[in-house]
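Lettered A, B, C and D in written order, each chain numbered from 1.
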Amino acid sequence: MDLTRKRLAHIVFESDDTASKRFDIVLLVAILGSVTIAILDSVQELHKEYGTVFYLLEWSFTILFTMEYLLRVWLSRRTAGYVFSFYGLVDLLAILPTYLSLIVANSHFLAVVRALRFLRVLRVLKLGRYLREAQVLTDALYNSRLKIQVFLGSVVTIVLVMGTVMFFIEGPESGFTSIPTAMYWAIVTLTTVGYGDISPATPLGQFMASLIMLLGYAIIAVPTGIVTSEISASSKRRKQDERVCHTCHASGHDDDAYHCKYCGTRL
Amino acid sequence: MDLTRKRLAHIVFESDDTASKRFDIVLLVAILGSVTIAILDSVQELHKEYGTVFYLLEWSFTILFTMEYLLRVWLSRRTAGYVFSFYGLVDLLAILPTYLSLIVANSHFLAVVRALRFLRVLRVLKLGRYLREAQVLTDALYNSRLKIQVFLGSVVTIVLVMGTVMFFIEGPESGFTSIPTAMYWAIVTLTTVGYGDISPATPLGQFMASLIMLLGYAIIAVPTGIVTSEISASSKRRKQDERVCHTCHASGHDDDAYHCKYCGTRL
Amino acid sequence: MDLTRKRLAHIVFESDDTASKRFDIVLLVAILGSVTIAILDSVQELHKEYGTVFYLLEWSFTILFTMEYLLRVWLSRRTAGYVFSFYGLVDLLAILPTYLSLIVANSHFLAVVRALRFLRVLRVLKLGRYLREAQVLTDALYNSRLKIQVFLGSVVTIVLVMGTVMFFIEGPESGFTSIPTAMYWAIVTLTTVGYGDISPATPLGQFMASLIMLLGYAIIAVPTGIVTSEISASSKRRKQDERVCHTCHASGHDDDAYHCKYCGTRL
Amino acid sequence: MDLTRKRLAHIVFESDDTASKRFDIVLLVAILGSVTIAILDSVQELHKEYGTVFYLLEWSFTILFTMEYLLRVWLSRRTAGYVFSFYGLVDLLAILPTYLSLIVANSHFLAVVRALRFLRVLRVLKLGRYLREAQVLTDALYNSRLKIQVFLGSVVTIVLVMGTVMFFIEGPESGFTSIPTAMYWAIVTLTTVGYGDISPATPLGQFMASLIMLLGYAIIAVPTGIVTSEISASSKRRKQDERVCHTCHASGHDDDAYHCKYCGTRL
């Protein structure tokens, strides 16, 4: 009995043998299916035509996920550990909205709560976290977090100053109705998105906007430079880890090293 | 007789001597000509004026490509090999639509089928595949395919979550009529394209949109970092890993080195 | 007495112990608070509702900053040095507008002067200048300033030539009313912002616009390449150029190396 | 007499001592002045107000540049060499339009010819060609020209295929009136400019457009990668040129080399 439970827990929580991998794939398909239905149901025409089918499928997936959730709670040794872990909360939040729709009649409140169902997608990310490549990218971003914070701080300051200046130059006639709106415009421009819902109309405003654009065009080089140099460094580090000294078993030697940098032995 | 056929096959399928290169260039000009005519014919004004000329030219090119196709089929030793190869199918699909237009009267169906003619452009790519530089770029993209998949996965997740959130925040009044439409908007914004056909109108929506823009602006650094570090690594690898010093076993010597840069031994 | 003043000066001007760091944080919160109020006050609806509250808060912050300014003037040994330094002027310009609003009645002049309050944000940058990471980025930008100037010069030339050409091709009907406007459009296009408030309508204009876009898309690689190679070089330089082997005079050893990687000598 | 001429030629054609540098700066100011006047004259309001002033200034600059042109022709030893050189033609084309405006009355022809005046800006580039940094960037672009050609070829193919597909999917209702127009839209989208003058309206069209955007977002990494790796390589090369072997006087040694790679001498 206890062995079966241990085996089940392995299948549900790990993903290193055939059975547990199969469980993950079934779960992944179910998550993608439930998300697809929620997306299709939001299209007015499809909702009118297939609303009932979507409703039934939604309940089927919800019951499936509820069973899976109860299974996980029952299996986890330290139940509180799973229930209050990040993925435990995500799992719970992903099944609650459908049940809440039975009790609450306020349709606007429901609409907001229903968005929580999409947290199920995070499950997909969870399944993907074993990927080694994702680790390299996450490491590169983590190592350069300080530089990125400094960069984002500069961007926010530019947006604040430029938004205020443009608010006073252009005024409400061109759509710059308030400083927050002007800051929204500054972000739209600096990131080179450029919707065109708000755009400068006065010559001075167009000149200032040109400066912001050139600035945005130039400083996009900074995060790229940071991340690129970090990725290069981390893949070099990974390569170094492959040469091992046969005397002191240390790794981390450069490609062109021919003595161990720790004990001096010939590599 | 057999020698002539072998010679012809060489001219048609290879491109390493004067005759075969000349054949390739004639073919390239014919492909570009037929594509140009199809493009010009799609302009209403030109179609009215020169419709008949375009029609005649289209048939001339089609007959030329048909003759070339039959020649290739006849020349290839393993006929089935060429006919069912990727370029064999492209060659066939490129000439079929014009003949189909004689049989089928349904103009909408024809319009779709005609698009297949543009597959002839792939021929140009085929001619270009010998370029060594293309190989370097393809290698770099191939080596970083896992990282790019992880990156695209993250982008799709961001688009899904942000699209849903914006659908519930903005609603149909601002053009966010369904989750797929909101996801389309999220892609337009994240990639910094920013058409402006759909744009947020509420303060909260504009704030969320600003976050997506800054995110898109920041994460564009990731694929650039991946590809850059890969191109640098592969061109460095190609240059260096070839010569090893027989005394100290060091590698990493420049192409023009005569002596080991570490111990001075003659290479 | 003198000791207290010295101690106070340390707290106000430095930021290396608990008291001075606390002073900086209080100041930072006050600056962010005053900026937030100025931003919120620019929204018409909030101004109507909470105008009086904002007015009182603005005066409170202004009095606080005035006291801080007087304290700094009193504490700085070489008073003239602080008063005419960059941050001294910023501090003064940040508090003046509120007092000026008592004297001057011209509302348009006041609106422009009020924008100066946002210079307070530069204080935040000042507090952040101790960050080592900011130094690395600033160094990279400083070292590549010549290359960036050359790049910006080329961009301005392209904008000038393309703006003029488009002004003559498109003319006022499509919104290209003058060469400055056409140059504004060229910047909007080259930086890939693309508002769409002005866009080419003639086939020739669209063809020229396509060339500018492809050019902008290609040359964005140049500043990125400059900054990336500079960041890589400067972080590599920082790490390596410090330790030299006394036997073979080789440098380039890792931080954790005990033996020279080329000759095995103890470092 | 001959010495004076030689001295004058040095001042006009070189820029390595005080007098010749001063000549270059005066010329630069005159070019920028004449370009500024042509720009301002294109603004309708300014033309009405200051049209006569601009006309007189334009003639002054034209006479100045004519004198400079004649001086250059007289000074250059091989007159034909200068007259038919690139900059000789630019100098001539820059002064011709003003004279032509006296003879030709056709205002449309004049408008086009006047654009040639902006070629004077190329003079600025000429003055800047001595900059060593410009050389590094030009070298990097020149060395990666083959890779950039392959990249641009791929972009053109994507634009051709995607433009045709979108023309058949969307049709004239959404603004995709012909294949050239659809290709223009594809370039606007792929380069992330996104005017929004033409945008897809059907779900299938929006899906295809999303694919193009993600593609454009991803492949922008390729030119960046090419140029970055080239700039890194060329600045490494420049650094190598600084260590010289005292036996064979060869340069080009790596930072970590301690024997000359050509003769094996200890560096």
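Definition applied: contacts are C-beta pairs under 8 Å (C-beta built on N, C-alpha and C of every residue); 3 or more make two chains touch, one makes a residue touch a chain.
Quantities reported herein were computed from a predicted structural model and do not represent experimental measurements.
The angle needed to superpose subunit A on subunit B by their Cα atoms is 90 degrees, rounded to the nearest 5.
Note: the chain lying farthest from subunit C is B, by mean C-alpha position. Interface residue usage between subunit C and subunit D, two copies of one sequence, is largely distinct: under half of the residue numbers at the contact are used by both copies.
As a whole-number value, the distance joining the C-alpha centres of subunit A and subunit C reads 28 Å. Listed for subunit C are residues 180, 183, 192-196, 220, 224, 226, 228, 232, 252, 262, each touching two or more other chains.
Per the touch definition, subunit A reaches subunit B in the complex via residues 35, 38-40, 42-44, 111-112, 114-115, 118, 121-122, 124-125, 128, 131, 133-134, 136-137, 140-141, 148, 152, 155, 180-181, 183-184, 187-188, 190-197, 220, 223-224, 226-228, 230-232, 235, 255-256, 258. Note for the complex: subunit C touches subunit D at residues 146-147, 149-151, 153-154, 157, 160-161, 164-165, 167-168, 177-180, 183, 189, 192-196, 199, 203, 206-207, 209-210, 213-214, 216-218, 220-222, 224-226, 228-229, 232-233, 248-252, 262. Contact residues of subunit C toward subunit B in the complex are 192-196, 224, 228, 262.
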